[in-house]
Amino acid sequence: MKGLSPDRLLPTEPKALEIARRLYESVRDLPIISPHGHTDPQWYAENEAFPDPAQLFVIPDHYVLRMLVSQGIDLTELGVQRRDGGLTETDSRKVWQTFAENFHLFRATPSRMWLEHAFQEVFGWTKRLTAETAEEAYDHIAERLVQPDFKPRALFERFNIEVIATTESPLDDLKWHRAIRECDWRGRVVTAYRPDPVVDPEFEGFQQNIEHFGEITGEDTFSWQGYLNAHLARRAYFKSFGATSSDHGHPTARTENLSSAKAQELFQKALKGTCTVDEAEAFRGHMLTEMARMSLDDGLVLQIHPGSHRNHSNPVMDTFGRDKGFDIPTRTDYVKALKPLLDAYGLEKDLSIILFTLDETSYSRELAPLAGAYPTLKLGPAWWFHDSAEGMRRFREMTTETAGFYNTVGFNDDTRAFCSIPARHDVARRVDCAYLASLVTSGRLNEDEAYEVAYDLTYRLAKQAYRL
Amino acid sequence: MKGLSPDRLLPTEPKALEIARRLYESVRDLPIISPHGHTDPQWYAENEAFPDPAQLFVIPDHYVLRMLVSQGIDLTELGVQRRDGGLTETDSRKVWQTFAENFHLFRATPSRMWLEHAFQEVFGWTKRLTAETAEEAYDHIAERLVQPDFKPRALFERFNIEVIATTESPLDDLKWHRAIRECDWRGRVVTAYRPDPVVDPEFEGFQQNIEHFGEITGEDTFSWQGYLNAHLARRAYFKSFGATSSDHGHPTARTENLSSAKAQELFQKALKGTCTVDEAEAFRGHMLTEMARMSLDDGLVLQIHPGSHRNHSNPVMDTFGRDKGFDIPTRTDYVKALKPLLDAYGLEKDLSIILFTLDETSYSRELAPLAGAYPTLKLGPAWWFHDSAEGMRRFREMTTETAGFYNTVGFNDDTRAFCSIPARHDVARRVDCAYLASLVTSGRLNEDEAYEVAYDLTYRLAKQAYRL
Amino acid sequence: MKGLSPDRLLPTEPKALEIARRLYESVRDLPIISPHGHTDPQWYAENEAFPDPAQLFVIPDHYVLRMLVSQGIDLTELGVQRRDGGLTETDSRKVWQTFAENFHLFRATPSRMWLEHAFQEVFGWTKRLTAETAEEAYDHIAERLVQPDFKPRALFERFNIEVIATTESPLDDLKWHRAIRECDWRGRVVTAYRPDPVVDPEFEGFQQNIEHFGEITGEDTFSWQGYLNAHLARRAYFKSFGATSSDHGHPTARTENLSSAKAQELFQKALKGTCTVDEAEAFRGHMLTEMARMSLDDGLVLQIHPGSHRNHSNPVMDTFGRDKGFDIPTRTDYVKALKPLLDAYGLEKDLSIILFTLDETSYSRELAPLAGAYPTLKLGPAWWFHDSAEGMRRFREMTTETAGFYNTVGFNDDTRAFCSIPARHDVARRVDCAYLASLVTSGRLNEDEAYEVAYDLTYRLAKQAYRL
């Protein structure tokens, strides 16, 4: 590797390249707005050094794990803990070596670009990672990790993050957010309200979660009104820690707007663990409408992330637990699914609902037409598997003509891989500028407008849509 | 705005651009064949001036309305009538000002290109529309609208329209078509037979429609045979006003080929309003097969346009009525759905069925394979939300390799926005020439053949497929 | 035609073109690995001359037939036999003339490129095929077909085929494969195990097939264990003729992992012909899991090719039989469908399952995420209707970012059109090199790596994945 190409992801054709370069130049150094992600607030609260390269780049990254597993490497060889406490690799250098030996597997994947960006731009290591260079890379990165400039807060500042959101359960006490607020560091870290553990009757330990939900709010969460009050209370608590959004990761986009009697009936079944599959889905769907109702009062932005079949492999789930790279997207309907919620609140100008999808077929067929009509709806960026150069390009090509730019919300990184954040935002800026340049060269947009749109997509829309 | 780029939508790469320019030059000035659209025949019959810029470009255009609504502007602010007669903006200048202030929302949408094309090419106004230029643009256009050169017939001739089809219900008396035929203007305006009000048991007022259908045909439309006879009679009547096609906008592509007894049973239920949802769909599906049977005799081309969830928002439908930009595409199956009709008549060489879709996933998976095998089937162009530069490109890229060019039918504009017609056909010509140029530069088509195909796609195939 | 462009399917932009040319140069002349196809082993065994141009290029090619039929030409005019023995064209020159007169229908289709490649590269005929040149072309090709250099074995060698697989039923005695093995020709032709006739309860003559299956294996195939033993025996027999894979063409990707009791129950129903549609599908689905179990022992690679609605037209099937171009792809789910098999064996490193699809929407949504996680799964190349320049490009663009290159298996031609084999592999090599060049110019891959990947995609991965 001679290092990252300065024109990567920009067009090859010289005329388009010139325009794309100018556009990119204009947004490259804008602050990062990260309104949706999964970094750990403990990092910012404690500001401890990250332990080592393998624990930073390999073991917690389900993108990296799944690709290595797909080629026959065991999760135990990669240092992933077994639930039964069985043997797993504990030598981070060995894990790193396995990773480096298989680095070619990541060719042309976004992980490759994020990793190399981090190696080069964050750690100043510009060689290619191979079996031969593995040890040198490990030492290079490990040496830096212990330095003050590589601690979480220093990186946060170096990454030019203006604001970052984490995601917490209503049952979380937000102690790390409290610690951040009470320390003298001024980085802006906010939480987001992710109530899956207390709105999904199929969530592990639902009944106990509801009980705990009552304890921390002082509400009788086994009554319907007490349960709703507990949400109101926790949402207010989360808002006091900067939350501007809630986040909902249901298997489908189904919504319901049930009568209070029907909702209560489902809730009582959920508490008894007697919901059918369909009733559990109806209950989750109804809770989206309840959340929208609450948002009309407290202003939290509602994010809907449907369509992942989580933990698809039973043996992997049984042995290693959740989030090991075996979440698989499924076909997702939005048109029928969202109608109950939209009939109730779709025209409310004070409500903001951000939709994500893992089913790209819905971009032009369903999501752009919906967001291009309903004032409440906005489209989140290309998500997860589609958070990639081709994925972002498809998102723009398939949504812009119907929804325009202003029914989208800019980029978010959705990551727990801290060092990949600048890389991910950089990819989005480049792909958007390449797309805008293609509009300019093909006479679909004037260049002066393209600068404005580039700024909006990079910075303004995310702040506006997430009310940050 | 310095005006529209002369090379808009053509390739950027110089070699491909040269070829595309030559191809486009060869078809740019061909007459417009508009075999499927929704302009109002009254315009041509009466030849009155269009009232004002807002009533021409904003209030009747559901593409424009929905985008403005999606960003929080009320339909009442845009001059749309409420069904309850409640207050709505009546000052066209204010509506225009709102539109102009939000013109940036249309960046990179086809509406933007159509509007600017009309402003520039039809009205000679070449500045960008903004809050500041709104009044000047309004005055500029309004002044011209009252001039004879801007009346419907003059524009029709200036647009170089060789023939245009409108769409009417069987219950329409075609008086405007009669007036056109009886006047001394020679523009060719034909009707098309759109029987949804009398074949869809779920259509508003179905029973009264059937009664009315009987009155105007003298048939006993409450008997199955009389009902079919009424169709035959009205089809003949429509043909006498130039109709060469029928048009069917069902929610799905389902067809049925029921026994006469079963069809009669469903028809009697439909008349009593007792069809289940499934029975109503079966009846509509069977009527497609009946229409195909009639087409074998009278030669009308059968158009099937499925897959729109019409009037998705109950509140918008309740307050403002149909066609306000809230029609949302749905996933659409063709393979099972068309089988009954195709088993009955799919191999008939004298029958022509043109398929449209709002579900782009069906292009390469279902539609191109079907049209690339059955002699009756042809593919209509990229439709509605996909009547756009990217949409047309995807249509060609996803259908040509399997269906070729000669199982497609050229372009149609499908619009009620009269001044957008030249713009829409121009976009299609440009996108097709760009696509053909890419085939030439990549060695997939010889340039001499590309000229022939460009001519076919622009002019010949539409005339041939629609028997015009 | 001035002959095929040497740069066909490579990028137009000069910088990308240069890189693509170099990459293509490096793989152009590599031997052909053809691990999945449908050529007739009798050709290689007997080495008789192919009869004439129409019988070589038109009559057996369902891609060619369907396109001509789609434009109103009867299968009888094309020399296709009727099942009732009715009249059909028997003059190959007339069939060829009809084909040539309609050759423009194939513009921009892969068939056009394959045919012209074969005309030029195999037969040295470089003019364009038209009504006027038809006879000359016929004579030119016919003259060569009788020469020794144009017999199957000579062409096999000239095509530089290192190994080719055919596909046979378990009921086939493999006599042609035996003849090939016993002759002194050294071309490597292997079989593949395609058990549809004895695993699909809906297959024509299923019960008789099972009986025959017992006769040739000496097993009691009307008992469950005897039936499974018969598979084991035939698989071993096929292996002795070089088979390294089995192949399964079910309507859907459904798998089941039933209890032995339940499987036996379904098997007994299948033998009695009393399976419901769902039970037949469950039985087929369970047999995929049984095949996987056997593969763990005997090492055959399992290929799953779901999603074709075979013989969609009843009249065409009734009059002409199977495989006449009326197989239509359908929407296909993999996520739920494969779960039973994957929960059973998805993590087995010694099992290799290759997935194909006709539903391109599954590339990025389902197949790449599945293959990018499960060690058993690999993705077969763009298949059938998608074995085309645009289809291959979409395959790479929609799978690489998630599954990488190393969860794909290179190209296979899947064809019975012998003379198209070099053309098809050439198209794949060109499209892959064009794609790789675009990765290099956009800074996503280094050029030295691109050479390695080009080699892998062209040669190494097919050999490795199919264990050839």
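Residue numbering begins at 1 within each chain, and the chains themselves are lettered A, B and C in the order written.
The definition used in the following text is that a residue touches a chain if its C-beta (ideal position, glycine included) is under 8 Å from a C-beta of that chain, and two chains touch if they have at least 3 such contacts.
To keep track of the chains, here are their UniProt names: A, B, C = Uronate isomerase.
Quantities reported herein were computed from a predicted structural model and do not represent experimental measurements.
For the pair subunit A and subunit B, the fraction of shared interface numbers is less than half, so the two copies use mostly different residues to meet.
Superposing the C-alpha atoms of subunit B onto those of subunit C requires a rotation of 120 degrees, given to the nearest 5. With centres set at the average Cα position, the gap from subunit A to subunit B is 40 Å. Of all residues in subunit A, those touching 2 or more other chains are 13, 361, listed in ascending order. Residue ranges of subunit C in contact with subunit A, taken from their complex: 13, 15-16, 333, 335-336, 339, 342-343, 346-347, 349, 361, 364-366, 368-375, 377, 397-398, 400-407, 438-439, 441-446, 449, 452-453. On subunit C, the positions that touch subunit B within their shared complex are 1-2, 4-5, 7-10, 12-13, 66-67, 69-72, 104-110, 112-113, 128, 309, 312-316, 325-331, 358-361, 385-386, 388-391.
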